[in-house]
Amino acid sequence: MNFLSLDERLNDALIEDLGRGDITTDAIIRSLGSKQDKATARVIGKESLVLAGWPILVRVFRVLGQIEEEPRFGEGDCVAKDQVIGIIRGEPATLLKGERVGLNILQRMCGIASETREFVGRVSHTRAKILDTRKTTPLWRDLEKYAVRVGGGSSHRHGLDDGILIKENHSAVAGGIAKAIRACRESASHLHRIEVEVRNLEELKEGLAAGADIVLLDNMPAEQVRQAVKIVDGRCQIEVSGGIRLENVASYAEAGADFISLGALTHSYRARDISILFD
Amino acid sequence: MNFLSLDERLNDALIEDLGRGDITTDAIIRSLGSKQDKATARVIGKESLVLAGWPILVRVFRVLGQIEEEPRFGEGDCVAKDQVIGIIRGEPATLLKGERVGLNILQRMCGIASETREFVGRVSHTRAKILDTRKTTPLWRDLEKYAVRVGGGSSHRHGLDDGILIKENHSAVAGGIAKAIRACRESASHLHRIEVEVRNLEELKEGLAAGADIVLLDNMPAEQVRQAVKIVDGRCQIEVSGGIRLENVASYAEAGADFISLGALTHSYRARDISILFD
Amino acid sequence: MNFLSLDERLNDALIEDLGRGDITTDAIIRSLGSKQDKATARVIGKESLVLAGWPILVRVFRVLGQIEEEPRFGEGDCVAKDQVIGIIRGEPATLLKGERVGLNILQRMCGIASETREFVGRVSHTRAKILDTRKTTPLWRDLEKYAVRVGGGSSHRHGLDDGILIKENHSAVAGGIAKAIRACRESASHLHRIEVEVRNLEELKEGLAAGADIVLLDNMPAEQVRQAVKIVDGRCQIEVSGGIRLENVASYAEAGADFISLGALTHSYRARDISILFD
Amino acid sequence: MNFLSLDERLNDALIEDLGRGDITTDAIIRSLGSKQDKATARVIGKESLVLAGWPILVRVFRVLGQIEEEPRFGEGDCVAKDQVIGIIRGEPATLLKGERVGLNILQRMCGIASETREFVGRVSHTRAKILDTRKTTPLWRDLEKYAVRVGGGSSHRHGLDDGILIKENHSAVAGGIAKAIRACRESASHLHRIEVEVRNLEELKEGLAAGADIVLLDNMPAEQVRQAVKIVDGRCQIEVSGGIRLENVASYAEAGADFISLGALTHSYRARDISILFD
Amino acid sequence: MNFLSLDERLNDALIEDLGRGDITTDAIIRSLGSKQDKATARVIGKESLVLAGWPILVRVFRVLGQIEEEPRFGEGDCVAKDQVIGIIRGEPATLLKGERVGLNILQRMCGIASETREFVGRVSHTRAKILDTRKTTPLWRDLEKYAVRVGGGSSHRHGLDDGILIKENHSAVAGGIAKAIRACRESASHLHRIEVEVRNLEELKEGLAAGADIVLLDNMPAEQVRQAVKIVDGRCQIEVSGGIRLENVASYAEAGADFISLGALTHSYRARDISILFD
Amino acid sequence: MNFLSLDERLNDALIEDLGRGDITTDAIIRSLGSKQDKATARVIGKESLVLAGWPILVRVFRVLGQIEEEPRFGEGDCVAKDQVIGIIRGEPATLLKGERVGLNILQRMCGIASETREFVGRVSHTRAKILDTRKTTPLWRDLEKYAVRVGGGSSHRHGLDDGILIKENHSAVAGGIAKAIRACRESASHLHRIEVEVRNLEELKEGLAAGADIVLLDNMPAEQVRQAVKIVDGRCQIEVSGGIRLENVASYAEAGADFISLGALTHSYRARDISILFD
């Protein structure tokens, strides 16, 4: 993993929680005088989950002090209820001060990886790829997209600057899908393809005619996707999105979509229940 | 509202999304030449929700350019499905570039406010207050605690530095609840009270005897809370937490708890579905 | 010690002094060519003082390069005139470039600790605690409050966010002491007590009646404090402040104040005379 | 005035004090609902002083909100006890939140200007100039040197990069005063003069022979300074420093020193007593 | 123009030059007392040039103070020797302090635009596009690529994250061109094409066979490029680079290259001679 | 070398190039799985040059990861065409990601040092010193002035704050050369000399009469410089600048100038051709 500015953000997250200092922990540590021992903390999954984010948890503690880690699982592994995910050893103050921020991140990342894994499982008999979107938590997109990949999904573009995707509002501004595609073709780097969002089969045909490299079928029922695949007939790639849930994802994949993108993977996951217990 | 460093974080969130620039929007705007009009965008709730975060949405756009806002609802108002929450007017480029980040924040805040409102409704016949926790999204605690208040909840401490709460791991390090309370009493500012987490009625009695100002009953069934209230008999305040859901929250309130704190309000809400449509 | 952002501030303080570089030292070091030895510098108290800030002095040098330290005294120890406080060894350039900034901090911290120690000594036969205030040097409050504690004093709140203290101007805005207390009670965290400043015995009674947890008697003569203590009769705690000097501090403590807060400890101390001499 | 990064430092100083927000003020303002009026605050000198720093006080408040200022005195003016220095008008919250930080700065700057003025007055019958030193409060050197100038003093170099001053420890490292001067002459910009610190008349002669442009006589009695002036006989300029107090400063000036530098102006001033009262 | 963080970099560039303040200008302005007039400065091209960067020059001055601008030419216009490019009016101090930094930027940008224009002119009878490279001045890539576009060139990728270009060293690490292309195809976003650098016709064939979308012919004579164009026969796009100068650029374009990229446009331009004169 | 904030700027330069990550390199490294070896890269001069900046190249790579360096030449050494300047060993990803930024800096610094060396060689039979100017690339002045010194030149002032130089526009504002000198004399530190730019012999005489310590003869032919030297007759130092090229620099030195300053050294050098090849 190689996340730009991550340590800085973890540091800011710790400052958000610590403010001028942890007055409860400091009072207790002071009362112990010199008789402090190292503490050993078990990180425990209170429900089954797909692990993602252990190295981030470790970095949170390392911003605060020296610790030793003993992971029991790898990224992407399934952890059963009440299993020990790993062990952290260090000064009690370090563990007590970093615990909440570390868990706040780990619980969310495991939530994303676990839910992605479920979607990926439902389409594994097809060639469709599960994609994330830009509907990520502001300032944590890199960790969330990483958790999607750990869960078996793939990454859509990382921002507005590394790929061209013409959405409904862009076409509205441009004066139509064809005009929007033409405008992008003119300015685009020779290294970029052009994807366009279409809402119905008319727009699909317009996009194809204007030379789109990929079409995004928005909010179409699976049956309509099947028709679209026929119309496209291999001339471009197909992404679907909108209204897709665990129950119906397979039908979209079976309809022939190349990519299925899901906002809910990163905007409405349930954080997995994980706690840290001192021995 | 008065959030320290908020504009800086919104700016960073925009940079996270924009990177070196929005290549799709820039291509389309360039193709329009000088014939650009102002755009009008309707912000629409695609499901019913409690509104929280409109002023933040507005600030996101204002980091990018000049816009005019026309809110149709106030913070805390209920918005029905398909109603227009408000209107934003400005350069198309400003609206297109800020849309995703703005919605990423607004959808999450409305999720929190909406779910808080439900919990508050269930206990409104008692004197119990619904509290948030420190289980917030890193770097966005202020917005999330604000959304809880908009939903009718109250704020627990904002960080580790503005209140004393002795948790299970603190007592373990200190060598017991009584020792932990004593250590905190010695160091504490004369302006602070001391709260201690207890897991059973033995610990409750130990905490009371050691002079706790507030006890936090962790993961107790409502029936046991009722017993605890009797034991305490007004000598300190009582907070409950752990295992509390919409279905059982009233029973805890009716058992006599002063405060009910809920991690799920900020760690596992479902983002409300909101979209922005250009006229 | 655990000061947030301290290294950053020390770095900024060094940049303030070094600017684009120490042209005198650089010229001299360059003239020595390869025949440079490590330098040994004695830090000497030119007058008697209470030591506070040695670890900060060491950190200043460590921002610049590798050094070894050999402290001769601990924080809070009394150092007699002309005694060696400690020894620093390192590259001559490191010592020459960090000397002034390091001393600027150490001399001030020893000034604060020394003057606090005198006040604490005058009230040691009573239960009164000597407190600092928010009248600290901007950007160095943590170091100054630390120096007060090294000198034997205690810390009042660290900022406007971690405690409630209703001052004269707050009451004026609120429309009176009782209204101000009521407003704070409504918003206050359950973890916070409420302190109110009163200027005379009428206001004291108003504050008591409104349920203040602590009263701050401002600018009262010791005799009046004695009367106040009788009126309060144990119903709340008492802090005194204003017009208190070394000569009269004991009379306030003997009058029954719980806390005596002194702005002068941090706004008008005399820096202790300390120098650094190379062997 | 033109201070680099000043607004940033004032902002940081406010954050140091405000932390996550002023809970007392916020509670009171909230209780007022919509019936808030603008507040008018008088800034009052509780003792006589030389004014320095009014524009900085104003900037502190302006970081927080809109205010109007009505100064009654100019920078460098003498203000008598209990006179109103000026008036600030604005939202009560703005005034209450900025008051302490603003006064913390203003009181210190008036302390410096007032004490400088006294020294300047004692030597006004001679051509000696009163200079400050680098013994300033870290991170506030620009404001403190400004306050010295407001009090009538002049500025020595602003840091280690804009002038050459060979101190005792530099000469020790270089292997003597003459070698140190030679080393600096070789590297120095053609735009810089060279000053050297000497501890006795032998060293003075060595410095003169090596071509020093200015000598700094360190810790010499006034009588010895008189001898030094004779020895120098106009061949270079003379600065004195060390052991100089209000009582003896005139004797140094009369002995013929060109410059008298005083560390105490910026390291051990007494903050002037100033308060802010709401009408 | 829309450059992220540009004002921050201009501010840092001014601080690099101003340090603690412009002592020459400040001395002169102080001597004028209140009799200061606004100054009018003419920005004059001392040689013919293609204008690029006027808005940046204006922003440099605006970081320092209020100015009025009166441009005489637009971006991309040709300016003859000794013509006035534009007029700036403002406080003399603002103009004097910003002049050097402003010119340092403007002179370089005009150098880039002027030299790009020459290359573009040489190939205007072909469909070849002149491209920039990543051989830009660190921290100023956006301005330099903008100047290339002003001169008539196009932008290659902006960094390592928005396009895939397999260079010689990548192929060496991957174990050959084909393996490198396959590795990229597997990880690549569906929005990206793949370009590969080849050094001879063998490698060209290997790249084509492996499915490269674009080939970069490195350091080939124009004659060999012509052969490559035949081999490719429309199956992918062709970029050439290396050893291309004004004298031979047309032969590359005529040989059939789609893109000609030139490092020298941004690493070895000659700054155009421009000065600022006060009336 | 000791450059303030250099690592921060190198880090920013890498972020400018890397953005969210190097997608080409990451794809290739991922495809290698665990069978990655260390890479060895030769840094090769493709033309003869004076080496400057090797330690900076090394620091660029060290921001990204651990590397070993094996320099074959020292700073200031002449490197012949096709010689290996040095070797870098490390993870392939580290070398691939840092290569472009490192070369962008090294190529420019070698350009400056090489061109400075030529100028220095032309005047080595005289006592004239070659000086740089403030016409440096914004944000990289320290590296560029260092490269000038490596090439054998000397440094003029580093910014507007560490020396006084009255330019033509300053005199215009002040109302003449004599007034400008007088204004500066009044405000100047006792550690600073005063230099004034003059355009002809009249102005030279005015500057001399007003007590300038150094005169800068701007844009004069060598013959006129010779006359000026006679007029000055040792009363101040002489710098020349403007219109000086390799071909005529000796004539200026022989005319008696003490300093020859050259903007082109830092604004119009040609980057030397250097490449990095993996074994």
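Order as written gives the chain letters A, B, C, D, E and F; numbering starts at 1 within each chain.
Here, contacts are C-beta pairs under 8 Å (C-beta built on N, C-alpha and C of every residue); 3 or more make two chains touch, one makes a residue touch a chain.
Small disclaimer: the values here were computed from a predicted structure and weren't measured.
In terms of the stated touch criterion, the partners common to chain C and chain D are A, B, E, F, listed by label.
C-beta contact counts were set side by side for A-F and A-E; A-E has more. Here chain B and chain E face each other with different sets of residues for the most part; under half of the interface numbers are shared between them. Centre-to-centre separation between chain E and chain F, using Cα means, comes to 21 Å. Per-chain CA centroids place chain B at a distance of 47 Å from chain D. Between the Cα centres of chain D and chain F there is a gap of 36 Å.
Multi-chain contact residues of chain F (touching two or more other chains) are listed as 18-21, 26, 158-159, 161-165, 189, 192. If the chains shown are joined wherever they touch, the resulting network links each chain directly to all the rest. Per the touch definition, chain A reaches chain F in the complex via residues 2, 4, 142, 158-159, 161-162.
By the touch criterion given at the top, residues 9-10, 12-13, 16-32, 39, 41, 92, 95-97, 99-101, 103-105, 107-108, 111, 134-141, 158-170, 172-174, 179-180, 182-184, 186-189, 192, 267-271, 276-278 of chain F touch chain E in their complex. Residues of chain C touching chain E in their complex: 19-20. Within the complex formed with chain D, the residues of chain F that make contact are 155-158, 161-165, 189-193, 195, 214, 237, 239, 258-259. Across the complex, chain B meets chain E through its residues 15, 18-21, 26.
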